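Please find the structures below.
Shared between the two complexes below is subunit A, which pairs with subunit B and subunit C, respectively.
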Partner chain A sequence: MSSPFKEFFIDFQRCIGCDACAAACSECNTHRGEPMIHVDKTDPGHSPQTTPMVCMHCKEPACALSCPADAIKIDENGIVHSSLKPRCIACRNCELACPFGVPKISENIQQMQKCDMCFDRTNAGKKPMCATVCPTGALFYGTLDEIRALRPQSKPINRWRFGRQTVETRVWVMVPTDVDEMVVDWPELMAGAEGPVDLAMKLKERFQLEGIMDPENHEPLPESLGSETTTSPGEAEFL
Partner chain B sequence: MSVSSMVQHFVRQLHWGAVRNALVASVLLAVAIVVGSRNLHDFDAALAGYTFATLFATFGIVYRYSVWLTKPATRRFWRRGWQMCFSPALWRGLRSPRILAGAVLSRLVIQDFVWRRGAWRWMGHMLIAGGCVLAAAITFPLVFGWIHFEQGAMGPDATYIVWFFGFPVHELPLEGIPSWFVFHGLIVASFLVIPGVMIAMYRRMTDHGAVAVQRFSRDLMPLILLFSVALSGLLLWISYEFLEGYFYSVLAQFHAFTVIGTLISLPFGKLFHIFQRPATLGVAYYKSPLAGHEQLACPVTGEAFAPALQTDDLNETLREMEFDFTAEGNEAPTWNEVSPKGRRMLIGRAHSRAREGRFS
Partner chain C sequence: MANPSTTQDEYIARYGPHVSDTPVSGWTADMVPDELVKTHCCFCGMQCGIQLAVKDNKVVGFEPWEEFPFNEGRLCPKGVKRYMQTHHPDRLTDPLIRTENGFRKATWDEALSLVVSRIKDIQARKGNNAFAMMSGVSLSNEKSYLVGKFARLALRTANLDYNGRFCMVSAGGGNKKAFGIDRTANSWEDIPKAKVIFLSGTNVSECFPTLTHYIWQARDNGAQLIVVDPRVTPIARTAEYHLAVRPGTDSALNQALLHELVRNDWIDHKFVTENCKGWEELKESVRECTPEWAGAICGVEPALIRRVAEVWGTAPTSFLMHARGIEQHTKGVENVLGLINLVLATGRIGREGCGYGTITGQGNGQGGREHGHKCDQLPGNRDIENPEHRAHICKVWGITDDELPHKGKTAVEIFEAIHEGEIAGLINICCNPLVSHPDTNYVREAVGKMEFFCVIDFFMSETARYADVILPGSLHEEEEGTSTTAEARVVRIRAAVTPPANARTDTEILLEIARRLDAEDKFTYADNRAIFEELRAASKGGTADYAGITWERIEKEMGVFWPCPEIGHPGTRRLFENGRSYHPDGKFHLHPTPYRPSFEVPDAEYPLYYTTGRSVYHYLSGTQTRRIKFLVEKCPGPVCEMHPMLAEKLGFKERQIVTLETRRGSITVPLRVTEGIRPDTVFVPYHWAERLAANQLTVRALDPISKMPEFKVAACRVRAANKEEADRLRAEWKTLIQEAS
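== the complex of A and B ==
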């Protein structure tokens, strides 16, 4: 009998941040009310871009290899499963080791839970919940032939590079046809680079200087706060 | 594959350090049995099958535990746990014992985290755990010949004398509620285990989340084993108490069969978590606010997300596993010093760069 499992594709450019995937995911009884998919704004305040992130099911998963309790298992279909409940000690190694930031530790139940590609559904030949409801096709479940026919201007790859580390995954990501490897670098964190944190700080300083609004509470700031901050001419120019 | 090549393959797979630890543990237990039963004088030969199964289980459990500790993540975690436990800095203000006591109470005794998974689930687990601990506390000393009973005073106020490790330690009246409990401890245990197994089984039959991921050998088999041990033990009591020993010898053999099967399965199956789970105490030392570890702030989100000690330890482990998440150029933090949320944000931005505006 052939495997009922197909391929999972993420097409980041198509995500509109509607969170339908998260709502559908949290319907699942294995993690009631808690979505295992992450939808994040990539640069809040600067860009409306959002990124959906499911478990990429690495061929050599850093989460499983760094688990001191041997609680994360990979099955014969390449699915990396949630922690085995009796074993997981909620140490957080998996959460901190995963290059994609996927596993979630629930402190209150002392357990790591993560996307298992809706194992109960995919095992029975169905689509994962998120891919079933995604209105834009940012999350797609099917065969390589199907996705190539549907999106000829992109191509699926499953090779990532994080700094010096190459990671191969079971889940595919759609990229332009001349890209062979998803390179994740972090130039914004290089020494001397203008990071998003600096930007946020500058915005806050500006709000405080002009005594207009506290961006978080939408209330005028107390005067004492505004008067204490200063800004350099360079920064004022930047803003 | 021929038998001899299978044997060769098996021998090559063995971890000899773990074999040594397991042998030492089994020999120590055997010596303690001989000494505790006064050179087997107090040893009940009818229970020899249980004894050998226990020795086998001891070998298996220590073997598996030892192999488990050779895994880089586990080894580092184990050492760091003990180091923090005995750290002089954490003994100031008795913080170390306070962390430990809190963790033992919450995670091992009350198991409040199971309660938060579900009240019935907690009830089932506590009943099973309580029954098993009670049964083990009675069975093992009896099987090893460490405890036995001898006749004390005769007459209307007859007594029994309890011998422990070859010393008379207590005299108790033959009749009365305390002695009823002493002699029926295993019956009490079965009344805890059987409802506990029922609750667990009901959940495994009806809870969609459990049904979705459970497997027979991993999740149902241990419940069936515990149920058969408890039920056959209970039937033994019914046989001698109410049915004048009807069918007793067959029941006794069946009971021995189920208990020995359970003991032998201990190192392999789900029940190994009994021995593995106390590792949760080490986690408390990483996480407890009492430990006062410096927290690492994410360079993307600006939020503190993990104790620096843990990310340092994890980076060592990952290096040992031949992962290298350092940035090219060495001027940026390693990938593991960015919070999980920060990583996801940077992945999105990296993807935008890869697209170079070529959205299609």
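== the complex of A and C ==
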């Protein structure tokens, strides 16, 4: 039997920042009002450009590699899942390791939850909710042949270079036809880590070296990887 | 005495807006709905297909409707979260009658008796036209038709108008003058086939998000995008050519573009001479309108105007769209005609990939305006002063000509007549003029002067707070019917559930008032379908001809495009394919549109342009969307956009609280500093009421033809808010995101 899963594409240039994806994602009964997709303002004050960020489902996921509790599983379709509830210790290694800033600890349940490409829907042959509702086609679910035929002005790639390491992702991004990989600045912040995979291993080692399984007992890790983007806070915080 | 008898805070505490974001069923992973009802979103003229999940007569969620051809499942955040409105804790479920300290619940009989006795009393003393009706085009075609007939035959008043007066009337006026028909000329299917897309005064990505996909499909096929807008909207950001014109200067730009078309001979001579009327006069009118002349008026580089003229002039195919950005002006009709001239001069209409259209803003802005709650129109887009048109409707309605009122006052004129005491009573349905009317302080004074004010609504809108009687009506998802999308596709609206508790459908309410006004014999409908059947007959032979459209056909064919004069007719996706307009002479009429300034332009005292618009998170006056938590968290209140150069000059910082003032009023809001706006212009979205109403500042000046107010241009000044204003804003801001207790 052939896999019901297709390919997921992000076409950043089309995003209008409407948050329909987040609104639809938040309707899911497994995370109940909390979206697993994030819409970032890339250059607030200067440009209205926004970008949707789903889990990229890396082929060597830094989140899973960094997990000291082996709570993050990758299935045979290349979907990287939310942490397994009985194993997750909410240590935040995955939050720190992910170069795309995707995994988040849900504070109320102390568990990492993230985009699983709407596993319930995609496994049944449907599109993920965000890619179904996206009003502009910034999120698209289909085959490589389909997107190449539909959008000849741009092309899909799935290779990202962070520092000295290349990350290959299951999710594709649409880029100008002369671009072959996305090159992202890698901050020197992470104690000599060469890239996300290296960082993930170092984060995991640190747990193992210190013999810590209780996140309360180890020294705080750096807060972020100096992400280029700013998550839209929602204007409720305006005043 | 239509004055609020308690404080605004007290109204909010009792009736909202409160925010809510949990499905009525709660979050239940294993919930299986009884039914997925295929219907449409209620928030904007796209009328996207959507399925509402229903269980036990409750709307418990949604599911995309991927088979519906216009949007294929795509939705904006309003559409996604729309189902949260149905069982919202703020729903009005009992008739309310004003008391000394607010409202008390009443029985339907008591409330309706009071309404009818007050109507009869006012009309007996002051004449039938002293009682008016205001309506809205979020109503279905059936309800719109019913309102038109109800006002004329039950209230027996000429003074019926609607909130489309703030939305579609300039477009309608321009289209009728040029084409003899008021409809977008093509279905949206032609957009992806066009090689140049021209968007003038339309923030497509925030106001019609799902239409953005069509524009991107065109661009995937190599189309270039031209956007005219004072702001860098999300769609303008991506345009090849963005002309950030000064508010109110569009007609100068349009003339200069035509000047360049003429100068470079990018004209379809055969089309303008054989198919059009008025070419020589039009050509002569732009002789002096050089890009340098327009550039100085518009604040745009002449070279950019030249380049855009070339792109437009040499395009093999094209699609031009406009919306309220050019229409909400004292020269709205002229701006529409100026753009139509660009389309007609190049002859790119009525063919595949060659299109033109206004983008209807309100849910049923298209169908609503066709079928009779516009003061000058009868069903089928007929003219209420045309004897033949009147005769047709009199026949359908079984009345004589003297029983059919003539043209009444337009929306703004109705409120002016209330001020002057000429109109003493009003029924208001589907309309929140305390938010959407220009110069809201003037409207508040007007409603305070009325003898009797009745509001039919599903929530306590800010306008309803001033009512004497409120009748709890129905939502889009609570009545069967149809609506007509911005591309003139008639679609089916389904009753997913019945109105909650003691609320009634709008149709039941109107029919019962008609019965009590002794007009029962004119309103003998068994159900909403019977209203549609009469609408078909009433529209027959009009330009908006629905005679061949049935509910069954709509469901089977996923919508039918009017005109559709008979059952066997396929419907009309593209107008003008035979090269003829709908004027009796069959010609496309060209009209010179010489530039003239807006009603109020900046001066030494009020040096800035003030302009208004929408946010993607809210619909119209916000009565619905300001109650949905997800949308409110993204956009709780109005914010003033200002360019950093202007902010620096005035000494303001990001998020500072500022006060904007015009000659009408002031508003205190937080500042958002952004390069996405002209440095001489400030922008505030209009979805809020009372002290947060952007329309406190707008001007009541009207387009002479369409009577559209000038929402898009006023002269203003900005200063730092004083402590009292800032404290008040902070307090009010908290109430915007308050949950129901």
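FYI, the second predicted complex is superposed on the first by the 185 of 239 C-alpha atoms of A that agree within 3 Å, B and C clash if a C-alpha of one lies under 4 Å from a C-alpha of the other, contacts with A are read in each partner's own complex, and residues count from 1 in each chain.
One rule holds for everything that comes next: a residue touches a chain if its C-beta (ideal position, glycine included) is under 8 Å from a C-beta of that chain, and two chains touch if they have at least 3 such contacts.
Computed from a predicted structure; not experimentally measured.
Peer 1: Touching A:G137 in the superposition: subunit B (first), subunit C (second), both, neither?
Peer 2: It touches subunit C, and subunit B stays clear.
Peer 1: Is A:Q13 touching anything from subunit B or subunit C once the two structures are fitted on A? First, second, both or neither.
Peer 2: Both partners.
Peer 1: Which partner does A:L150 reach: the first (subunit B), the second (subunit C), both, or neither?
Peer 2: second
Peer 1: Considering only touches as defined above, state whether A:G45 meets subunit B (first), subunit C (second), both or neither.
Peer 2: Touch status of A:G45: second partner only.
Peer 1: On the superposed three-chain arrangement, identify whether subunit B or subunit C touches more subunit A residues.
Peer 2: Comparing touch counts on subunit A for subunit B and subunit C gives B.
Peer 1: Tell me the contact category for A:T30 with respect to subunit B and subunit C: first, second, both or neither.
Peer 2: It touches subunit B and subunit C both.
Peer 1: Is A:V183 contacted by the first partner subunit B, the second partner subunit C, both or neither?
Peer 2: It touches subunit B, and subunit C stays clear.
Peer 1: A:L65 contacts which: subunit B (first), subunit C (second), both, neither?
Peer 2: A:L65: touches subunit B, not subunit C.
Peer 1: In the superposed view, which residues of subunit A touch subunit B and also subunit C?
Peer 2: Common interface on subunit A, subunit B vs subunit C: 13, 29-30, 32, 49-50, 151, 153.
Peer 1: In their complex, what parts of subunit A are in touch with subunit B?
Peer 2: Per the stated touch rule, the residues are 12-13, 28-32, 38, 40-43, 49-51, 53, 62, 65-70, 81-82, 86-87, 89-93, 95-103, 108-111, 116, 119-120, 151, 153-154, 162-165, 173, 175-176, 179, 182-186, 188-191, 195-197, 200.
Peer 1: Of all residues in subunit A, which touch subunit C in the complex?
Peer 2: Counting only subunit A, the residues touching subunit C are 13-20, 22-24, 26-27, 29-30, 32-33, 44-50, 127, 129, 132-137, 150-153, 232, 234-236, 238-239.
Peer 1: Which residues, counting only subunit C, touch subunit A once they are in their complex?
Peer 2: Residues 21-22, 27-29, 31, 61-62, 64, 66, 71, 73-77, 79-81, 205-206, 209-210, 212-213, 216-217, 219-220, 222, 232-235, 237-238, 616-617, 630, 632-637, 639, 644, 654-655, 657, 670, 673-676, 729-730, 733, 737.
Peer 1: Quick check on the complex: what are the subunit B residues that touch subunit A?
Peer 2: Listed in rising order, the residues are 68, 71, 73-74, 76-78, 107, 113-114, 116-117, 207-209, 212-213, 270, 273, 276-277, 279-280, 282-283, 286-287, 299-302, 306, 310-311, 314, 317-318, 321, 323-329, 331-336, 338-352, 354-356, 358-360.
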